[in-house]
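Each of the next two complexes has chain A plus one other chain: chain B in the first, chain C in the second.
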Partner chain A sequence: MSGEDKTKTVVNDIDRSMYDFRYEESDKDFYRIKQGLTPEIVTQLSDQKQDPQWMREFRLKSLEIYNQLKEPDWGPDISGLHMDQIATYVRPNTKMQGDWKNVPQDIKDTFDKLGIPDAERKSLAGVGAQYDSELVYHNVRDEVAKEGVVYTDFESALKSPEYGEMVHTYFMQLVKPNDHKFAALHGAVWSGGSFVYVPKGVHLSFPLQSYFRLNAKGAGQFEHTLIIVDEGADLHFIEGCSAPKYNVANLHAGCVELYVGKNAHLRYSTIENWSKNMYNLNTKRARVEEGGTIEWVSGSFGSHISYLYPESDLVGEHARAEFTGITFAGNGQNLDTGAKMVHLAPHTSSVLTTKSISKGGGISTYRSAVYIAKNAKGSKASVSCQSLMLDSQSRSDTVPAMEILTDDADVGHEAKIGRISNEAVFYLMSRGISEEEARAMIVSGFANPVSKELPLEYAVEMNNLIRLEMKGTL
Partner chain B sequence: MEFDTTVNQLPTLTWNWLKINRAPFKGSADIKDNTKPEVSKLPAGVTFTEESISSPAEIATGMGRTMDTILDQTHAACCVLTAEKGIQVQKPVVLHFALKDGSTSFTRQIIRAEEGADITVIMDYTSPAKAGGFHAVQTKLYAGKNARIHLIKVQLLGKDYIHLDDTGSTCDESALVDVTQIELGAKESYAGVAAALPSFSSKFKSDTAYLCRGKQTLDMNYVVVHTGKKTDCKMHVKGTIKDTARKTYRGSIDFRKGCSGSTGNEQEETLLLNPDVVNKSIPLILCDEEDVAGEHGASIGRLGEDVLFYMNTRGVSKKAAEQMMSRAKIQSVANLIPDEKIIDEIQDYMEEAFKHD
Partner chain C sequence: MAHSLVEVKNVSVSIDAKPVLHDVTLSIGKGETHVLMGPNGAGKSTLGNTLMGNPVYTLDSGSILFDGTDITHEGTDKRAKLGMFLSFQNPLEVPGITLEAFIRSALQQRTGEHVKLFQFQKDLKAAMALLNMDESYANRDLNVGFSGGERKKSEILQLLMLKPKFAILDETDSGLDVDAVRTVSKGIEEYQKQQDGALLIITHSTKILESLHVDHTHILVKGKLVKTGDGSLVQEINDHGFEQFIDAEGGKA
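Up next is the complex of A and B:
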């Protein structure tokens, strides 16, 4: 087939209309801290949140670290992000509610439109909804609470006599403020997020879900998620996030710390759909004990710039990690995503499978690290990444690193970059399938390994996000 | 001369904690002699001259500009080997570097194959087994239209040598640059290869084999930049790491805008034989063009249980099986060398390396 004859699949940009809406708000509905990042602002934030003393000190120490650390010299350009133009704390003038009826109407309308209450009724064991910097709604089913499962907003856990000590013990121990500049920023200005504790042996048959909505213009969201799944327990946690689009930069620098106990299992699913003015500099990390399993399922569709690499620290023998991710980078997006697998104990295993699609000038970078420590004898790691380029204005890079410090390990890696194969289209057409349908099948098949891992309603959402329209020849 | 610099930088950086973005290079070397290569008898149509020129800056090399600077500062001699238009050289031209113990030398070569020419050049570096010294070499290749250059570099230096081997190439339309590299010796060895494919249907191929043992450090950086249409590259690297040796491999396929119809393939096989080895690998594909196909694969680990079982059933011990597989990796690349004497030298070197196992 000559170059002139080549046909090409036209994939539309993600339809963001269901996320880009916003209701008009007046300043009286919100408390907004002044823009910038100074010790005074951080202290003011602590005052607003009535932090315990240790947290006040932690925030100020993190700010010091933030000021000492440099921005990364790798990855997408973040020079358009100016912290002096970001309000790090915006609180809706409402207390957190346990009853949906009591949530203010405009906020309720926003979450209604995103389908959150409906999802709770149908298929969730508990829901948390964060609006800007604070949770406005949190609820967990009675039968789940009776089993001893704790699912609450982070501030309540921090100040609770029952869990305050646990929070103090675990908070930012997995992701330390000196990990990188934006972990330090998180340590200084975190607000909101969820705390989950699943006791020994408890299996939740329905997932828990937190939904994060950043509605304020020129603001940051810095929620902290801490999940502890105790020995032999099982949890599926879903995280969703979105924001309307503004013409100024917004920032998301959340932090997720997951502790997976001995023989426990945690699946952490995320559909990230921030608006295209968002700098998404998020840090996620799991620590997995003996025989435990962490499964990450990740869909990255939104943001202007993303740095997102969930890390699995396999610290116990026979611990296991799986990461399945898809990234769709469209016009104006530079999404740098991937994962880190850190094998620190014998007989640990990891599987990393990613897909990325670039179109309309979007840039997608797959970045990963597989680290096998000297004592991680008998460990296995497998990495597979595939990238689909849909036009020549776009860019797709793969940057996979492997560091192996023992001979007793087995590491396999494969990667492919390319466009939709004309041969595959020809084959399907020779079986009576139309060209448009053939191309649609190929792209759906490409995304399928990820979408089949998502809960049904999220798989549907993902398919809506990647709305494919086949439009004939080039 | 003091060095405190870096070489072999990745074209795109990643996390600094991995310490893989570039190789630090520190040390000192006083020029005691600039060992000139012994050149085999030149076939008709091939010329060899020594010139006091800098190598062409427009040809990028794998180790980076640092090497140009070092070689300029040390006034390294430059040899120019040219295969005239249409010349098909059957017998390889051999540049043999017989380095002494304590030798310090800096050399560079330009190899040109004019339109339609076909030449194979072997550069082999040897020294006494226990020798130490410093050897930096840079080779730049230019392959004219429909030309082919097969460059073979064989490093069999003594156990205390520091060796820097830098290569860069560029091709005209339908030309092929083929680099075969065998790294067996030296205490510290840095190898960089960069290939530019700016012209229609130009090609690059590399086959690399190594044995990294004792306290050796081997640091490699291969970069192929596709800018021409329908260009192709194939990079294969294979080898064994044993004892407390450290090996780093960076391999990058860079598809630039406009290189439609291009293909690239990169494969790595690494056999790990001791619990104290360190292996770092980073195979990159950078893609700024839609109509391309790029692939890479890596397999890193010890000898598979099934292979070992098969060997055991045939009465081959684990140690013997490991040696056999290590040799096989080197041998499969050595077989690409059209010179029996050098193949024998490689085999002798491996025999010696495994003798004390």
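Up next is the complex of A and C:
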């Protein structure tokens, strides 16, 4: 066995049949907006959604900004994405249900297969399930609601007499439409998503979870997630995403805005498993006040192209941010992921840990930025990124940037790119472990520090994904 | 006379087209302890790795039989499943899998049977105690951040837990202090006793052999077996070194 032979193995793709399960949509069941992006289409979307006046204006203004901004020229190629071929709004023909029984059968089957209602019964405080552009199911446990926790679909919050004003105040203030082209796009055509408010001092012992499913072909999903965790409160929020595979481009340009109050704590876990025809151009940002903590846990496995760099703005003293992420890029995937840490106050700290795996010609790029402002004295930042390439056709790059404007900061950085060591494979095999299993063991071991941070069912799923990826390597 | 467990017949080996071993023939019986000595660079580790099927080495000619089965072209995992074991000179770090999970997983794969957790943990504890290994190592990632001594103990721990019929110990004593050598020897003795395990101990010092019974000693110089004797050959090497054998080969190694 020479090293050369080993590096030319062909790796099978993930068995995605679970996600590829789908019902064909029919005109009878869905409302689908005309594809493309014009002021008329955006206005029509506002009509469909019965937007308040400010939102109608916001959308049109965002569209103007969208048309002015250029596509990014520094990342993966997105020339295969044609907005004139994307339907930005596809509404399932059902009202949002609070009782699983009332969800239409085909949609219910889809989520059943993904284990959503099951997870809710077992370990969640509340669940939202979005199908294409709208939530089709939503439920919060009574005891959670009694504590004043608000968890609702975004449209209801927008129109609610109690929270409408709050939404108006916070919506796209953290991620502004002029931030980049796809933030502007989001501002113009957003639909669905969740609004969460956790009042002062309330600790949720179970997580809330939203699941996003993009079922329609040639469509876009633009859900908006706005979470406000008030002073001293504590929340774990989980989002999962998947889609069946089509041979035309689909687009996901969601937006997540997280407000973490003084001494509050928010853990935001994501498992993204979009199909490999998806352009995932997602924007996530958190603003953390004094003594507050944001913890991001992120697993990126799907998509054709991803641009994803959750940002943490540490605006109060002693605010903390942690980002733990793993990216797995396979055949036909170019995943550009990482995180951004922005230290804007003294004694803030951030820890950034990422792992990326590439195989079968996949490209995985780690991109990060750490910014420490002049006044952020006594701040600490540590960055560690590790990449593992499973064969010689695959690529891993790291693009870490740092801008430190004070001498009084403690910054550490460590980057490592490697391949599976044949010596380590031999070592494991000398104990009676098959070559396939030895490689899987090394890869899951590599991923382990991240996978153990994921919610249990996702960690199990991730390990299965890795095993499936490794199957047939020899 | 014991039926031969390991038969190495006329084995020649090269690495990157460079010959390392020349026509080596060696036979090890069940439960026997053999010692392989020789100066640095003689090819001792190459022989150990070749027996275990390390793909880095190319077998140019010859054959290897284990327990009556021709394993010349068998993969490493198959050899291990038949009952072979190699204690590595430089055990590798494997992050993300604990020592305990690894041994259990290896046991399961070797036997194809489910390993019962309770008994396994009891055995593991006892073996770790014998090797003066702190129990906390069981939950640490395999060899990650282990000192040289702890890595060697981790190898012997695996030996005791996996219970092979034949183990190759590649420089298990190198880099160890006197106490650690004694501890590791104790582990090896236990393996000899419990399993009636056969051994090929590769070493260029003799410290590790002090408390072990040795049946045969082989001297390897420049890829050739130049002398085979009984346990007393070890003492001779101890007193006089390898000089006489190197000279016999017509030059310094």
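Descriptive notes on the structure:
Here, the second predicted complex is superposed on the first by the 437 of 474 C-alpha atoms of A that agree within 3 Å, B and C clash if a C-alpha of one lies under 4 Å from a C-alpha of the other, contacts with A are read in each partner's own complex, and residues count from 1 in each chain.
Here, contacts are C-beta pairs under 8 Å (C-beta built on N, C-alpha and C of every residue); 3 or more make two chains touch, one makes a residue touch a chain.
Quantities reported herein were computed from a predicted structural model and do not represent experimental measurements.
When chain A is checked against chain B and against chain C, the one touching more of its residues turns out to be B. Looking at the shared chain after the overlay, A:Glu162 reaches neither chain B nor chain C.
Contact with chain C, but none with chain B, is seen for A:Ser434 once the two complexes are overlaid on the shared chain. When the two complexes are overlaid on their common chain A, residue A:Pro400 makes contact with chain B while staying clear of chain C.
Contact with neither chain B nor chain C is seen for A:Asp142 once the two complexes are overlaid on the shared chain. By the touch criterion defined above, A:Asp77 lies against neither chain B nor chain C after alignment on the C-alpha atoms of chain A. After overlaying the two complexes on the shared chain, residue contacts for A:Phe446 are found with chain C alone; chain B is out of touch. According to the touch criterion, chain A has no shared surface contacted by chain B in one complex and chain C in the other. Those residues of chain B that touch chain A in the complex are listed here as 12-16, 18, 20-21, 255, 257, 260-261, 272-302.
Against chain A, the residues of chain C that register as touching in their complex are 52, 54-56, 75-77, 79-81, 85-86, 88, 91-97, 102, 105-106, 109-110, 141, 158, 162. The touching residues of chain A, counted against chain C in their complex, run 1-2, 421-424, 426-435, 437-438, 441-442, 444-449.
Residue ranges on chain A touching chain B, taken from their complex, read 3, 6, 73-74, 367, 369, 374, 377, 387, 389-392, 394-419.
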